[in-house]
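Both of the next two complexes hold chain A, though its partner changes from chain B to chain C.
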Partner chain A sequence: MGEARLYVAQRVSALILAPLVLAHLGLIVIAVRGGLSAAEILARTHDSPLWAGFYGLFVVAAAVHGSIGLRAVAAETLGWRGRGLEWATLGVGLAFLALGLGAVVAVIA
Partner chain B sequence: MTNGGTLAVRIWKGDAKGALRAFTVPHRPIQSVLDVVTWVQRNLDPGLAYRFACRVGMCGSCAMTVNGIPRWTCRTRVSKVAQDGRLTIEPLRNLPVIRDLACDMRPFFEKWRAARGRFAPTGTRADPLPRLAPDSPGRRAVDAGIECINCAICHAGCDVVAWRPDYLGPAALNRAWTLQNDARDGDRAARLQAVAGDGGCTCCHSQQTCARLCPKGLNPTAAIAGLKRAAFAAALRGRP
Partner chain C sequence: MIRPHRNHPLWWAFAVHRLSGVALALFLPLHFLLLGQALGGAAALDTALAWTEGGAVKAAEMGLVFLLAVHLFGGLRLLALEFLPWRHGQASLAALAGGGAFVAAFAFLFNAL
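And now, the complex of A and B:
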């Protein structure tokens, strides 16, 4: 993928992530201060299209943003270039996606 | 006329595998770092290699690393940068050292070429001169970056250039941005493609070291941000 497209993907994913991260942190504070148990949280998220959409979008944006960011770190600190780096970026992104979506399924299904 | 003091000066000698050599130089009033280097060459080390031309901050050839920071030495007063009468003068970072304080500037100018930093006229000398409104946004953007003297101080100071040597760097990208805003230029699509590719404007971390160090007070980071916006818009239109 072209550098400019990756740049767009990373900036747009950051734009999506910013409010989602704030909401996520707020939810943690509310859940902890409210004394919600794990079972009570799971009861709320179970079969909820709202939470599935919220955290599904969160995971997709984080996978895109994180993998492109790590690509830049690898290029700058390790001097890694070329096709190997592109495949590694894709692999890391898919791994983030699989791990994240697995967690989303676990709290929704 | 001396003010009675001396400077403890260490100057890089040799190529990349060289070392610092110590010299004692009289401290004079209104003395520039270039004056110190010249004094050493004339009085202590005739073989010292360094580069300068105009001595008045126009040509951009005397840039060196002074106490760890890249500076134009002809316009840098010793009194401003010496620390307890000590000066360490080294060649610019991020460029191959030829000998002593002289760097090979070819990689720097090759990046200008890679960024298509050459004006591509759309008219001929037979055409009437185009009328450019001085207060138009494009002309203002050109004005903001056009005074670059190619000293390579921003290039030497840029950490991204140090991390990835294929990065085009602040000077070449600043030049590209001035041309992208030149209404008379006819190479803007190809230039945007050149500066938005691998090692291009999207590598910039906006640390603004270039803007802080530029002796002409330019802001290459702002120019690069302009290129990023243009690349972003082009990518959305499917023309990255």
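And now, the complex of A and C:
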């Protein structure tokens, strides 16, 4: 993928992530009161299309944003260039996506 | 010797954004794997969550909340810088992002204790 497309994907994913992360932070601060329990988490998320959509979108945007961000660090800080970097970026993005969607399925199903 | 440009507050804002991003990317798979334990039912997830009750883990979680918040607020500053008309006081905005992240981290700590 060209640099311009990666730039756009990074910014669009950032714009999607911003409100989601803000909500996530608020939820973390509230939910941690009195300790975390599986029952509390699953009561909120289980069979909820709203939370499935929220976390599904969150995971997709984070996978895009995280993999492109790591690519930038690898290229600019470590000097990694070329096809290997592109494959590694794709691999990291797909790994984020697979693990993240697995977690979403686990808390929704 | 610290090179001159690295004495600029906005270079530090850049460095914090990069480092927080890398740290969050490293944490993300662990976060997903822990939540994935819910596939084995509530008891399996509770076993995984019990591990997070330790004081050292709570401190690490506070650090993660700080990293997430500082990456968010610092990222919002960058998006505004790129897409909105230029405004002065970028170093102050970067400091505000850091301050906001400290508030979020301590809000987490006070609720977690």
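Just so we're on the same page, the second predicted complex is superposed on the first by the 106 of 109 C-alpha atoms of A that agree within 3 Å, B and C clash if a C-alpha of one lies under 4 Å from a C-alpha of the other, contacts with A are read in each partner's own complex, and residues count from 1 in each chain.
Simple rule for what comes next: a residue touches a chain if its C-beta (ideal position, glycine included) is under 8 Å from a C-beta of that chain, and two chains touch if they have at least 3 such contacts.
Quick caveat: nothing in here was measured; it's all calculated off a predicted structure.
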Touching partner for A:18 - first (chain B), second (chain C), both, neither: second
Chain A residues touched by each partner, larger count belonging to chain B or chain C: C
Contacts of A:8 with chain B and chain C, given as first, second, both or neither: first
Contacts of A:28 with chain B and chain C, given as first, second, both or neither: second
Touching partner for A:106 - first (chain B), second (chain C), both, neither: second
First, second, both or neither for A:66, with chain B first and chain C second: second
First, second, both or neither for A:56, with chain B first and chain C second: neither
First (chain B), second (chain C), both or neither touched by A:39: second
Partner chain(s) touched by A:75 [first = chain B, second = chain C, both, neither]: first
Interface residues of chain A shared between complexes with chain B and chain C: 11, 77
Of chain A, residues touching chain C in the complex: 11, 14-15, 17-18, 21-22, 24-25, 28-30, 32-33, 35-39, 41-42, 59, 62, 66, 69-70, 73, 77, 95-96, 99-100, 102-103, 105-107, 109
Chain C residues within the chain A interface of the complex: 18, 21-22, 24-25, 28-29, 31-33, 35-39, 42-46, 49, 52-53, 61, 65, 68-69, 72, 75-76, 79, 82-83, 104, 107-108, 111-112
Touching residues (chain side chain A, partner chain B) in the complex: 2-8, 11, 72, 75-77, 79, 81
Contact set on chain B toward chain A in their complex: 160, 163-164, 166, 196-198, 200, 202-203, 228, 231-232, 234-236, 240
